[in-house]
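Each remark here refers to the structure printed beneath this line.
Letters are used for the chains, namely A, B, C, D, E, F, G and H, taken in the order the chains are written, and counting of residues starts over at 1 for each.
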Amino acid sequence: MNKETIKKLLEDVKDDKMSIDTAARMLIDLPFTDLGFAKIDNHREIRTGYPEIIYCAGKTEEQVVAIIREMLKKGSSILGTRADKKIFEAVKAICPEAEYHDVARIITVRKKEIKLTDTYITVITAGTSDIPVAEEAAITAQMLGNRVERVFDVGVAGIHRLFASLDVITGAKVIIAIAGMEGALASVVGGLVDKPVIAVPTSVGYGASFGGLSALLSMLNSCASGTAVVNIDNGFGAGYFASMINKLS
Amino acid sequence: MNKETIKKLLEDVKDDKMSIDTAARMLIDLPFTDLGFAKIDNHREIRTGYPEIIYCAGKTEEQVVAIIREMLKKGSSILGTRADKKIFEAVKAICPEAEYHDVARIITVRKKEIKLTDTYITVITAGTSDIPVAEEAAITAQMLGNRVERVFDVGVAGIHRLFASLDVITGAKVIIAIAGMEGALASVVGGLVDKPVIAVPTSVGYGASFGGLSALLSMLNSCASGTAVVNIDNGFGAGYFASMINKLS
Amino acid sequence: MNKETIKKLLEDVKDDKMSIDTAARMLIDLPFTDLGFAKIDNHREIRTGYPEIIYCAGKTEEQVVAIIREMLKKGSSILGTRADKKIFEAVKAICPEAEYHDVARIITVRKKEIKLTDTYITVITAGTSDIPVAEEAAITAQMLGNRVERVFDVGVAGIHRLFASLDVITGAKVIIAIAGMEGALASVVGGLVDKPVIAVPTSVGYGASFGGLSALLSMLNSCASGTAVVNIDNGFGAGYFASMINKLS
Amino acid sequence: MNKETIKKLLEDVKDDKMSIDTAARMLIDLPFTDLGFAKIDNHREIRTGYPEIIYCAGKTEEQVVAIIREMLKKGSSILGTRADKKIFEAVKAICPEAEYHDVARIITVRKKEIKLTDTYITVITAGTSDIPVAEEAAITAQMLGNRVERVFDVGVAGIHRLFASLDVITGAKVIIAIAGMEGALASVVGGLVDKPVIAVPTSVGYGASFGGLSALLSMLNSCASGTAVVNIDNGFGAGYFASMINKLS
Amino acid sequence: MNKETIKKLLEDVKDDKMSIDTAARMLIDLPFTDLGFAKIDNHREIRTGYPEIIYCAGKTEEQVVAIIREMLKKGSSILGTRADKKIFEAVKAICPEAEYHDVARIITVRKKEIKLTDTYITVITAGTSDIPVAEEAAITAQMLGNRVERVFDVGVAGIHRLFASLDVITGAKVIIAIAGMEGALASVVGGLVDKPVIAVPTSVGYGASFGGLSALLSMLNSCASGTAVVNIDNGFGAGYFASMINKLS
Amino acid sequence: MNKETIKKLLEDVKDDKMSIDTAARMLIDLPFTDLGFAKIDNHREIRTGYPEIIYCAGKTEEQVVAIIREMLKKGSSILGTRADKKIFEAVKAICPEAEYHDVARIITVRKKEIKLTDTYITVITAGTSDIPVAEEAAITAQMLGNRVERVFDVGVAGIHRLFASLDVITGAKVIIAIAGMEGALASVVGGLVDKPVIAVPTSVGYGASFGGLSALLSMLNSCASGTAVVNIDNGFGAGYFASMINKLS
Amino acid sequence: MNKETIKKLLEDVKDDKMSIDTAARMLIDLPFTDLGFAKIDNHREIRTGYPEIIYCAGKTEEQVVAIIREMLKKGSSILGTRADKKIFEAVKAICPEAEYHDVARIITVRKKEIKLTDTYITVITAGTSDIPVAEEAAITAQMLGNRVERVFDVGVAGIHRLFASLDVITGAKVIIAIAGMEGALASVVGGLVDKPVIAVPTSVGYGASFGGLSALLSMLNSCASGTAVVNIDNGFGAGYFASMINKLS
Amino acid sequence: MNKETIKKLLEDVKDDKMSIDTAARMLIDLPFTDLGFAKIDNHREIRTGYPEIIYCAGKTEEQVVAIIREMLKKGSSILGTRADKKIFEAVKAICPEAEYHDVARIITVRKKEIKLTDTYITVITAGTSDIPVAEEAAITAQMLGNRVERVFDVGVAGIHRLFASLDVITGAKVIIAIAGMEGALASVVGGLVDKPVIAVPTSVGYGASFGGLSALLSMLNSCASGTAVVNIDNGFGAGYFASMINKLS
């Protein structure tokens, strides 16, 4: 709703091309579908090829199914995050082509061919236990049209494992570094490469990891420039943010 | 027990209209019923039309049933919050007209017609997952005799959805804004309207939301004047407080 | 900028009463004055009798003076909170009628007669050390046109002091209860009266009061219905919120 | 092992009443029984009438049974805290006279008549949900030989309920005040009576009660003199500490 | 204001020995003096020999002087805690016999001979840096009429120093154990003696002592029965609580 | 030190173009200058036009001067962050062309012409008090060769101020959103634009802002996709990260 | 990869004993086996007699089995920590000689005779509930070739139990002190002996132990010199660290 | 005070070589000097060449001087930590050979030649700002007779700087790794070397470093085995612990 759009609309009103009532409604009725318990944002559709996104945690099975049914009406591709198996079964019942990525806990429905970028995003984890978060990031980025490379279990306690993958890391346009426990991976990677590093703390660990707090603080205090952080276990957010950067021309 | 009441009582004693023993007992025996494990406050009865309220969490089924049985003797309407289905079944057994609002986890018994106010309270949520807290607030307010409007899933990430409901928001006498995660809804609404906004942080979220701490701090630090906050997930408290304001003449 | 305003504006455009450029500018150029480092909100002026408000903490002397100079141009009354003596001296230099309330750390400039409400707000403190926060609340409420009653040093450790002031407390339309340390005052007052209680935790205390955290948590967890909370030491917020309620008709 | 005991022992050695080996062993082998996984303290036996105490949480069924079997050999009375029903069944199998207090989660074995004190301890709770902690305190104190009075559900939100029980509260030699949520009960009671008040925060509550942290901080910051605090939900500790005070002559 | 007092008063009213107005005023006008910014509690006077207590922190010099001037009118002994040297000078100016205990930051005015108890309170510190808190406790207890023994710098890192003072510790009726850093002293003392131990965490330490939080948590979690805790650095509270116990007969 | 560099070096050794000793030293002696107390990283020089960066906080005047003297030898441009005025004076003494940006607390030395990008970074603040952090971000970005637009004091409490600047916000390639208190700005901006948003929480606020914790948690929990967060008050980190993104081709 | 190794390799290249490709690969391809989801570090094998270590928590059964199958190929001894019974059954299926230490939740496979040191490590616990952590430490140390002595349930509340075991404690080369609740054991032991003490806080406790935070802070703030701390419940880390010290010659 | 010593003493008593009084006093009067405010531990003297240690923070100038005067009487070497310049001047006045290490804030008095070990301790810091903590560790270790190597400013953001010093790191018998901010240095070093690593978190940093909490948690959660942690900024503790390990034969 920028100045130009408003000017155009006003000119149409002045020129009697549009009624006052219509114009007023357009200024207020922004595009979303109201299901009562949810208001589905239709903005995203306008940008070609982007899937609709639904965060399933905290929603009932019925709510997720109703939202997805609405999205399917518009022929959208769909990305449902934090979905357990039971929700997937319910979705599958109304949408047989739905796929489930169980490590990532993601439901995807691909309505259009997804063309991947030439440049790529590298997703790194410190440990094996961080893989579910990494897969959430990777599949999100792929559904948004990005080429993704995975490098798992290269934590700093055995730093030679990280160095052995330096090529695929330095070759990326943007890097997602995922670690629990002390979260040192982000700082080390941030110091090694000259690319934006998106750090994802995970809740992997015990005791004084305090559910990911340790890794979170560690990453926020990274002494390496060029690092930014998303919420604990937020693979989706990292994948989305990385996609934004990777797709900038 | 204000000055006037005491004076009257003392005059009655002096005039021999009341025995000393009776008067002493009256000064001390304030109105409640003692069940041993619970002391039911009878104050509320004096104000016409108000239901008795019972917070069910942390009480055993037997305790809730015993308390409600006592309340029913006096013909009170009843509002039981934080009640799971099993408690409701037990209550239903002794009180067939009891109703269960499962989203809100509330038991209600309506003994008298509830006349609603002309002015209304608007209950807003940032997301779909905040609806249980919103329903607790809304049903509480309705049981206390208030007209309530609901606007759900209008979080700030798609602010046009909020703007589309501005009429029903600005028309309210008092607003309840409910949000988890970053809790920004309260500040944005507080900045848009010139009505008291009661902010309810919810435990919706994960990772660094720390069980609602993030939304709580956010709302306490709101840069918008005219906002006050209740406990995390405290829909009841918000509904009660809003009712107090809405019913001020 | 509700539907009606927009319709009227569009009709004016259609009827050639207003140029498209002017209309577009009006739709976008919402009322504020841009000083670069600050954007002064002019909304408040429209509501008669309300002062402009400026939060002085974190602003330089020069910034505060520049903002107030701008406000004075419009003949507004002014309420400057969290202002130290030095800032006041600088303001006084350009506005001789400015007054300083040193306990409350507030600067006021009264350009118009302030007519007080018949109903009143009672401001209660648990201790003597809470008075600065209480004065911030009281003077804010008075500048916004409310009658205010003060009851200080009636903490629950000597509960008879509180009871001795019950008349002035129960007679209020809304109550502001201010306490540091364990913050129990809010719960006790909330249990005694049937009016909205705005609880203000203060940073008064030491050790495990953790800068007001103890009182804050205490107030958020109040077992008394009808209590809502503002930020630690936020006398202004409480005064503003109380004013909103007190002035509801 | 004070100076006198050592002198006596040394004199016995000098006078050949005791061998050097025996004396050395006595100086080192202090009285406890070693089960490998547990070292049972036998100190307590020396003081007549006191039960052996065992904290069952975190111990396996086998460990609890083995410890109690050892205690029974010495004919001790036993107080087992934080014991679930399953542990009780296992104990019952080897000790038929064992009793289970299910609200308090306590196992008791009374081997000797317990003579109660004339003075008494009053145990107060703010709510019904605090009763399990109160019963842990009360039964502990009773097993240690104290008369106990119970006053439950007298939280400050309905302060008249507290006042109605003032006689039984002020008549006590020491008071245990138990509350969750905002924990204000301790301060109010501490301000009303001139007796030592032992405050027990409970984990009753939700949201910003943070598992009892709110009540704990509240009680530590009590503005009432004469209050000391034990760990969250530590009914046993309060009962034991109160017993120490009540039994001082 | 117990039942008997009320009965007597009512009988006086009935028998015309007292006017209704007087009786009503007596029931409400509880004994305190209102200075506006402070309400001085006069309850304490009734108990012979007890000083008036004033917590000076957070009060202005003028407020402290005004309160003490009022107290002096009644010939009370006075105990002013958390008073810096400047406040003392101001008090000294209106009350030449005032004394200053600079380590304890306490002002005392002794109007009556203080008779000490035969039994005594032992105040122990873990380190030299804890002495200011210990002196606050000790002088408080002495002003309240208790004999006090001091044992300083006997922290558990050199446990033989503690053992060397066992006589004076075990001989006490109640013990105050004061420690910062890891606060282990309270548990060790609590395990050694069979007397009530009041644990005072101090803010002595650095880094992960987090202003006394470490010692506070340590003391709350003491594995030794018979320990209760007061606020960080709250020497006064410990001295007052210990006095209550020591003076129980 | 990637595979190609190593291969080339090894080939030189094999072909006797380089001695073994030289090669070994090259493999180990990575490019930095060792001052004992600091090891200056010379990597950055290789990339044309980038300044050397020095974080001045926690370093002595002498250390900063010594480091900068070393940098100047190589003719580098310099960016010194968190520098107070005194440090600047000391630097000025050895480098007269040094400039001081006092709001940002940054020292700059420009040795080469800095060519700015066509695309730009927009730096937004919620309030006036956030400007120092914003200037740190803006000047950092400018020194790294980016065009920067500033939009200050557009917090969500007056959301129309934000909307009035939407053009300059949506036109940016990447946005830095800076806010203290409740930090809602990041979520609102993130929801309005389809560009990467770097959120910077600030320590602006009081009470329950807990030194920026409130804004930090708020931003980490942002319900708007496309947001990543840096440390509290870390304007430099945001500027550097934004530059990385803005300069991606 | 120190200077000597590199020199030797370069000489081999120069002397044509090694091809450039091989050398380059060796410099980069450090020894680990890549399973995709895990990169098994083979460094440890080089040191004779050391087992391969696998942290099982957060890995799926399939992942653990795959990793162990790979390790077995190399004939390594194996130490699998934080393994539940189900994982052990799966491992047992492919490796019949695997043993399960259920208290310690450890899987071991002994492929070589383990020769124990003459010097020993003493593992002490404060309580019975700390034994699982102690066993994790003890079995780890034993698998690494250390003689281990166990002293359990000697918490400071009954300090004579600790003294009775002083011989076996002071005779150790290094001590592991394990405690939950207030964690005082570490300080007391640290003060009694002149050997390195590795303190392990445990999550044993309730209420204000906050999952081990209390013991952790207590141990970090130990007033006894010669104490260092590992993560809450980190028996493995303590056993490994103790082994390093015990095996130093 | 082990079994043998006691036996010998008892034999002497039996054989009349020692009087009962003398023996009793010896068993109780353990070796320390009581100054009232401090009890100086004389244990340390017995071990040749070790200095007396005094922690100066929180002690008054007078107290430090009195303690040191007492120590000097016995001809001890002295190590005074956390001493500011003013305390040093006071000490210098009574002990002219006292030296001040201003970066480390340490006072030393060397009464005996200190013979250094052949093996050495390497002290590493991540940044320049960590040097004061490093110097506290290094000088402590040197005073205790250890050879120390220093490697400063080798944080993981420029990991090649760390690698360039690998020789001096891997050559040490024990390593002290000191870092603020994200504290990743400890994990990286722990992963590179097979020696005990003592990690020291520092309070260097700002914002979400929360006074060293970030580095502390990071180090406690280190994924590298062989790491233990001391308190934030506790250079002394690390130096002392390292010395214990380094001097083990």
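Criterion: contacts are C-beta pairs under 8 Å (C-beta built on N, C-alpha and C of every residue); 3 or more make two chains touch, one makes a residue touch a chain.
Predicted model only: the values in this text are computed from it and were never measured.
Undergrad: Can you tell me which pair among A-F, B-D or C-D shares over half of its residue-numbered contact pairs with D-G?
TA: B-D
Undergrad: Please compute the C-alpha centroid of chain G, do the same for chain H, then give the distance between them in whole Å.
TA: It comes to 26 Å between the two C-alpha centres.
Undergrad: Between chain B and chain H, tell me the centre distance in angstrom, where each centre is the average of that chain's C-alpha atoms.
TA: Chain centres of chain B and chain H, defined by C-alpha means, are spaced 58 Å apart.
Undergrad: Express in whole angstrom the distance between the two chain centres, defined as the mean CA positions of chain E and chain H.
TA: That pair's centroid distance is 38 Å.
Undergrad: Report, in whole Å, the distance between the mean C-alpha point of chain D and the mean C-alpha point of chain H.
TA: Using C-alpha averages as centres, the distance is 41 Å.
Undergrad: In chain E, which residues are in touch with two or more of the other chains?
TA: Chain E, residues with two or more chain partners: 3, 28, 127, 158, 207-210, 213, 216, 220-221, 225, 231-232.
Undergrad: Go through the chains and record each pair that touches.
TA: The list of touching pairs comes to A-B, A-C, A-F, A-G, A-H, B-C, B-D, B-E, B-F, C-D, C-E, C-F, D-E, D-G, D-H, E-G, E-H, F-G, F-H, G-H.
Undergrad: For chain F, which residues are in contact with chain A within the complex?
TA: So the residues of chain F touching chain A come out as 2-3, 47, 53, 166-167, 170, 173, 194-196, 198, 216, 220-221, 225-232, 236-238, 240-241, 244-245, 248-249.
Undergrad: Touching chain G in the complex: which residues of chain E?
TA: Chain E reaches chain G through residues 126-127, 155-159, 181-184, 187-188, 190-192, 205, 207-210, 213-215, 217-225.
Undergrad: Given the complex with chain E, which residues does chain C contribute to the contact?
TA: Within the complex, chain C contacts chain E at residues 127-129, 131, 152-154, 158, 160-161, 163-164, 204, 206-209.
Undergrad: How about chain E: which of its residues touch chain B in the complex?
TA: The contact residues of chain E facing chain B are 3, 6-7, 10-11, 13-14, 16, 20, 23-24, 27-28.
Undergrad: What residues of chain C sit close enough to touch chain F in their complex?
TA: For this pair, the touching residues of chain C are 1, 28-32, 36-39, 41, 43, 57-59, 63, 201, 203, 211-213, 216, 231-234.
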